[in-house]
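Read through the structures below before going on.
There are two complexes below, and they share chain A, which is joined by chain B in the first and by chain C in the second.
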Partner chain A sequence: MKGLLEYTEGNTFIHRMNPLVKLLLALCVCAAAFASDSLAFLAALLAIDLALGAAGGVFGKALRLLAGLLKAGLLLFVLQLLFFREGRPLFLFVTDEGALTAAKLALRFIAACMPLALMLGLTRTGDLTNALVKTAHVPYKYAFTLSAAIRFIPLFMSEMEGVMEAQASRGVDFDGGPLKKIRLALPLCVPLLMISVRKIDGSAVAAEARGFNLRGRASGYKDYPLGTADLPAAALCAALVALGIIT
Partner chain B sequence: MISVKDLTFVYEGARKAALSGVSMEIRQGGFVGVIGPSGAGKTTLLSCMNGIIPHHFKGDYYGSVKICGKDTFDCSLTELSLVAGTVFQDVDGMLINATVEDEVLYGLENFGLPKAEIAARLEEVLEEVGIAGLRRRSISTLSGGQKQKVAIAAVLALRPQILLLDEPTGELDPASSRLVFSLLKRLNRERGITVVAVEQKIMLLSEFASELAVMSEGRLEFFGPVREVLRHSEELEKIGVNCPRVVALSRELEKRGLTAGTLCVSVDEAEAEVRRVLEG
Partner chain C sequence: MIRLERVCYRYEGSGAAVEDLSFEINRGEFAALLGENGAGKSTVAKLIDGLVKPASGTVTVAGLDTRKTKTSELAKRVGFLFQNPDRQICKNTVREELAFGLELRGLDRAAIDERVERTLRDFGFDGERGPFTLSRGERQRLALASIIAAEPEIMILDEPTTGLDYRECMRVMEAVKGLNENGATVLMICHDMEVVLDFARRALVLSKGRLIADGAARRIFRSACAMEKASLSPPQITQLSLRLGAGFEEADTVGELAEAIVKRRRAV
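And then the complex of A and B:
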């Protein structure tokens, strides 16, 4: 999953779109996935996610993201199969309704997560923060919290890697199945949490030392006017949500 | 410009004072290098100057620190940020934006500067620090040295009257370290910016700083013009601060009666002195 949430430089029409419209589009795909009860529509949403990734020049990244989410989706699918008891039994503990619901749940999960991750990969967090403050009138503190949280994801992942490498260099064997990895990674949560809290604390001080509290709504350097791709994107948002509710 | 009087600070929960009875006056336009072994209190002293102590780190605080006549105890960190810019030791924690351009823009936007001014400063500082080519790069893809340059650029863009730097060349190679210190010296000379730099590389400080502050176990052992402080080379070595080799060379020449006590603090000076001795 490393690097999947980080911004990818580019000059496609998706890169140039208004950050708020991109956020709206991602949220609408997400909402449509939750609203819809049709397997075909959920699969179509997944195709739209991939198409958006391709249009943004990050198709490879979208596929890797899909592969990562499929693993989590598979876990959801199996859990749902285990616990869903309504419908006609197909084999062992699996029922027809259980299989359908599990498939929908897994697809819904993937279709809802992908657009948000893709949006982050195609929008600079600085632009997203500034647009939220300038255009959507979100208080700067909240917008900054969002961007700081996004910014810290890769940092924490590299800290985690650092801690694991340090442990591996002292003989801990991280090779093996996922259960073994989880068992070995659990004790690392405390040092990782300590490092993270210290880093966040340092960042808060650094932000304050560069005038964090002076920031006003009009302070942003860039403006975010609506471009040619923004209106069709907004129309797509409305259409997706409507279709999601109908299906 | 910076006035420190009888400053003692004990971090909350600590038994030993991180700073004890430190007093120093740094004039406007001064370039002070702070050096000392690990745990000597260098970062704590810098944190007292930029107001992080007492506003962020709590503890027992005695004495006073005044920046431009204002006691840091009575000013908020925001007020102090308008006068003093800080480059922190932990650059990863300091860089809070996703790209280089956003990082430099961050402070400029916070300070509410006009757009034309922001654009001009952005271009200028990226060129000055030599990172114009990294402008659109994601910070997570930069090397330690590149990150350090970005951190310096982000603070320089704000054009503070006082620049406080905590080991600004810690992750830089020798050539880049010299480039950073040359830049600091130029800003100090041309714009009159007061510079206080905590640094472990004594050679850099000897060459570029005008005054040297040597700390040990929370105390200010020596403070004065670089040449005067370096005359105490034996005491400095006992503290754990090695003097530049050119200083050892000029002390040796003096001991042998070949020079009349001229202390060389740079390679160029030492070369000229050796030539003079050889030419008789």
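And then the complex of A and C:
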């Protein structure tokens, strides 16, 4: 999953879209996925996610993201199969309704996660923060908290990789099944937590030193007017949510 | 002890980090790997420790091909001190931290206790103290101590003195020197040329992933071409002796420079 949430440079119409419209589109795809009960519509949402990735010039990244989410989706699918008892038995403990519900749940999870990750990969965090403050009138403190949280994800992933390298060089063998990996990774939360706390503390002090509290709504020099692609995107948002509720 | 033969490595989505690199480091040597930021030094260290595998060429460490050997297996013979000690420390007390690496090597309890007590004594640590309550320099020494406790044959240090004050820097380096004097091979990445001059006997200079100079550290520091190409600046005493010219060729320390000046005055 490394690098999948990081911004990818580009000049596609998705890159140029208003950051708030991109956020709205991602949230609407997400909402439509949760509102819909149709397997076909959920599959269509997944296709829309991939199409958005392709339009943003990050189709490869979208496929890698899909592959990563498929693993988690598969786990959800199996768990749902194990615990869903209603419906006609198909084989062993698996019922027809269980299989359908499990497939919907897995697809819903993937279709809902993908647009948010793609939005982060196609929108500069700074632009998202500024647009939230300037256009949506979100207080800067909250917008900054959101952007800081997003910025720290790849940092933490890179730190975790560093921690795992350091432990491997001490003799920890990470090869093996997922259970072994989880057992070995748990003690590594200690160094990761310590590094993260120190980093966040350092960032907070640096922000204060640079006049964090002085920043207001008018401080951003960039404006985020609606472009030609924004209105069709907003219409797509409404259509997706409506279709999600209907299906 | 360490042999790289025509090694190439590139990170995904970027240029070659290491290109056609070959060198050998013999048992008991104390070598420094020098070069500007992005020259490929850390990649070389990771290649030797098996953390990254060469795209082509071979890396042999203590007779083991790193491509065919797990890092956890190499760790029995190679100790790696990272620049950030917090990545290495993962236990709640100094004692547990020192014992962790030994437990991974499968030593019996008595041997672990004996080595832990010895290391605590040698480094002057309080075994019951929480590692994260130690200062940055002390945490660096703890990370080093936990590696030294395992008595590695090869020690790799990635910028071990960055961010340390002079006293802590010397304490860390003296511990490394002691390990080297006991027979361990040391390869150190360092940007502090004074430290390199004081401790390393050999220097390998990298630039853009290629080896551009290899030889005695003192000789390398006097090679203006290699130093300039790698954006390095020789230690101040070396710079001064270079300016002074003939008769000062061997003066790389304060003592040697003073001796050369006395000799010159006598001659005059």
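We take it that the second predicted complex is superposed on the first by the 247 of 247 C-alpha atoms of A that agree within 3 Å, B and C clash if a C-alpha of one lies under 4 Å from a C-alpha of the other, contacts with A are read in each partner's own complex, and residues count from 1 in each chain.
In this text, a contact is a pair of C-beta atoms (placed from the backbone, for glycine too) under 8 Å apart; a residue touches a chain by one contact, two chains touch by 3 or more.
Since we're looking at a predicted model, the values are computed, not measured.
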Partner chain(s) touched by A:Ala148 [first = chain B, second = chain C, both, neither]: first
Most chain A residues touched (candidates chain B, chain C): B
Touching partner for A:Glu9 - first (chain B), second (chain C), both, neither: first
Partner chain in contact with A:Glu86 - chain B first, chain C second, else both or neither: neither
Partner chain in contact with A:Arg210 - chain B first, chain C second, else both or neither: first
Chain A residues contacted in one complex by chain B, in the other by chain C: 198
Residues of chain A touching chain C in the complex: 159, 162-163, 165-175, 187-188, 190-191, 194-195, 198
In the complex with chain B, residue positions of chain A that touch it: 6-7, 9, 124-126, 130, 147-148, 150-151, 154-155, 158, 198-199, 202-203, 205-216, 218-221
Chain B residues within the chain A interface of the complex: 50, 52, 56, 76-78, 80-82, 85-86, 88, 90, 92-94, 96-99, 101-102, 105-112, 115, 118-119, 136, 138, 140, 154-155, 158
List of chain C residues in touch with chain A within their complex: 46, 49, 51, 70-72, 75-76, 78-80, 82, 84, 86-92, 100-101, 104-105, 132, 146-147
